[in-house]
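Submitted below is the structure of interest, expressed as structure tokens.
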């Protein structure tokens, strides 16, 4: 029995007079690849920010593995096993690629000394190397992160998100700004990642996610429009109406 | 915003392949043994500058800048109130000696402790405020500390400063050292500076040191990785306070007085300038900056009383054209070749 | 005077002191809101304004002329600094303009010392504004009432400018979301310079206004800078209602503390700031998450 790993209950987000999200209730199953989709302005990013810990909802609750985590601070999310990548690439620009991942992995050590040299923690360095290998950046270990091409930086972010060995991986438009080949590589990587942990994806390009996701959540004007398997969504009249003119 | 110490670009298992010139290799060697390199230079310093008092000032303000740089260059927090920490260190040590009759070796930890406590309070409030307010809040709280010490005349001497911090003789392991002799004084102070440098170097190379740099580079990312950004900043602030406080205690012992100006905004500004001009986020930068600023002031006061104008202009030029500072620019130029 | 009258009089003093803070905080907030620059030279412009005011008053014998000339001088100097020094730093990070304006203040203070000496300038209150006026609860210095009136007038004019004119609309939009304004093709860089100049002009004007009742020295801007920061933190950066409310509040807190515990007067405003930081870190009118 696959109990939900993440549950969003009646999430509402209000910015002054603007309602970004209203009454969104979704349960995400573990070990599944779920995509949150919708046209631009649907509230996907706001929803993503709520479930990834960047934004505290005005109303509603979030439960992770049964535990209420509403209002928890951003850094507590990673410690609980929820890792994320941002819509706009967020890495440590002047640090090397290897150091970026090593630092992300360092959080596994709950207590670290002030006087211990970090370069002696070789297991973290080895881990960083293997993660970078996985995303195809092994050769870039010694480059400053800001010297990477855009697509490579997105891969770096994935490596950093994996560094804390998360149970839940949240990716906000991971293919944004990538070339078609890079996009294919990324979707491949995500599919493989979803085999070992739960992945929730935010995307606005429907075509990308239809083929690989087990479940889709469709948002529209801040509300839940539909949810189900790709086939369910394809057949859904409401969804077709909303995406009128877009190829499905 | 800051330049990177060369160790961050070199992994422990060997630098990237490709030819490294003799210059680059020696730079790596110096960086790997950075504490020893600085201490070696400081040992030679009294013979490199025109007179002793200047050497002592470079030593003291260099340490002040090192403590400040931990917060500014490495963590990315621009405090304009570090005079409060420097001055608290001075007054702490001074009051311990003058009013409580403590020996010098207890007065120094007393000063460092007082500075750390002041740093804890200022740091907590400043970090609580939103990003852009940080500099303003530290400035304001430091002025508050200034007024508090000014008013507590009974202990601090008020406007006249605290006088009578006389330390003539230092007894160490049976040796009697004449503290009033300039060279002896310099080397006694150097021992403390060296210890602090070793400590700071270890902190910077530690996992904690990596986290503060991560915070400087990208706070949101650091938080998303699982680091408690506010708590880390506060710890960095307190460590910075302790080191700057130590510099303050050494100054009190050196001058035998604590001028009230130690707590003033201009002292805070002074260390900001030294840090930027030397090179933020580098290990050698603070001492380079301290030496540079003190030498300019020394040079300028010889033929004009408007040395602040000169220093201000130099600073503005650096902010516009050489934000990496002297040492930072050198490192950058070397890294480019 | 009865107890109540004493308190009320002290509050009026607080309001007149607060007027100065309101003007300074408005300038700071405008500059920050539009350029995201913390103007560490704000106190220096205040000081330059005081000098310009006294100088022109002495030169022309006409106080009103000096009040018109001063903001022009300060504003021009502000424009110059913005164009030559601050604009090149655009895009480099929030700390750089701060550091630059800090360095600039050093240069300005020492330049004034070089031009006018280190002792300061003697000042006097213009004849028409001397003396005290009976405001019902007691006699209050006419000049201080004048200060309050001028501040109120400036606030109203600014409010009208920002709410009702096209330039004001651009400023409001720029404060809310600089990116949008840029994309809309408005020549944002010119607005930038003007706003910086405007902020400095207000700072300079407040210097000229305060000159008759304060010592005019090269260092007068330093303590004033600190006080303006306190007001800005309390009221919320980038907010004009915040600047007005906090300015008056800080002035009143200071003067009431002077009445009951004169030794603690200087510390009282910092205590206020600390309380605000603990309870509402973004300030009364600040938006939560500003530069968080």
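For reference, chains read A, B and C in written order, and residue numbers begin at 1 within each chain.
Heads up, the rule we're going with is that a contact is a pair of C-beta atoms (placed from the backbone, for glycine too) under 8 Å apart; a residue touches a chain by one contact, two chains touch by 3 or more.
Everything numeric here is computed off the predicted structure, so don't read it as measured data.
Counted as hops between touching chains, the shortest connection from subunit B to subunit C is 1.
Centroid distances from subunit A, each centroid being the mean of CA atoms, peak for C. Among the chains, the centre nearest to the mean of all shown protein C-alpha atoms is found for B. With centres set at the average Cα position, the gap from subunit B to subunit C is 33 Å.
Centre-to-centre, using mean CA coordinates, subunit A is 41 Å away from subunit B. Note on chain placement: the centre of subunit A and the centre of subunit C lie 46 Å apart, centres being C-alpha means. In subunit A, no residue touches at least two other chains.
In subunit C, no residue touches at least two other chains. By the touch criterion given at the top, residues 1, 78, 80, 125, 128-133, 135-137, 139-141, 143-144, 147-148, 151, 265-266, 269, 272-273, 276, 306, 308-309, 311-313, 315-316, 319-320, 323 of subunit B touch subunit C in their complex.
Subunit B contributes residues 2, 4, 8-13, 15-16, 199, 202-203, 205-211, 213-214, 217-218, 220-229, 239 to its touches with subunit A in the complex.
On the subunit C side of its complex with subunit B, the touching residues are 32, 36, 38, 40, 85, 88-89, 92-96, 98-100, 102-107, 109-111, 113-114, 222-223, 225-226, 229-230, 232-233, 237, 263, 266-267, 270, 273-274, 277-278, 281-282, 286, 289-292. Taken together, the subunit A residues at the contact with subunit B in this complex read 52-54, 73-79, 83-84, 86, 90-96, 98-99, 102-104, 106-107, 109, 112-119, 121, 125, 141-142, 144, 160, 163-164.
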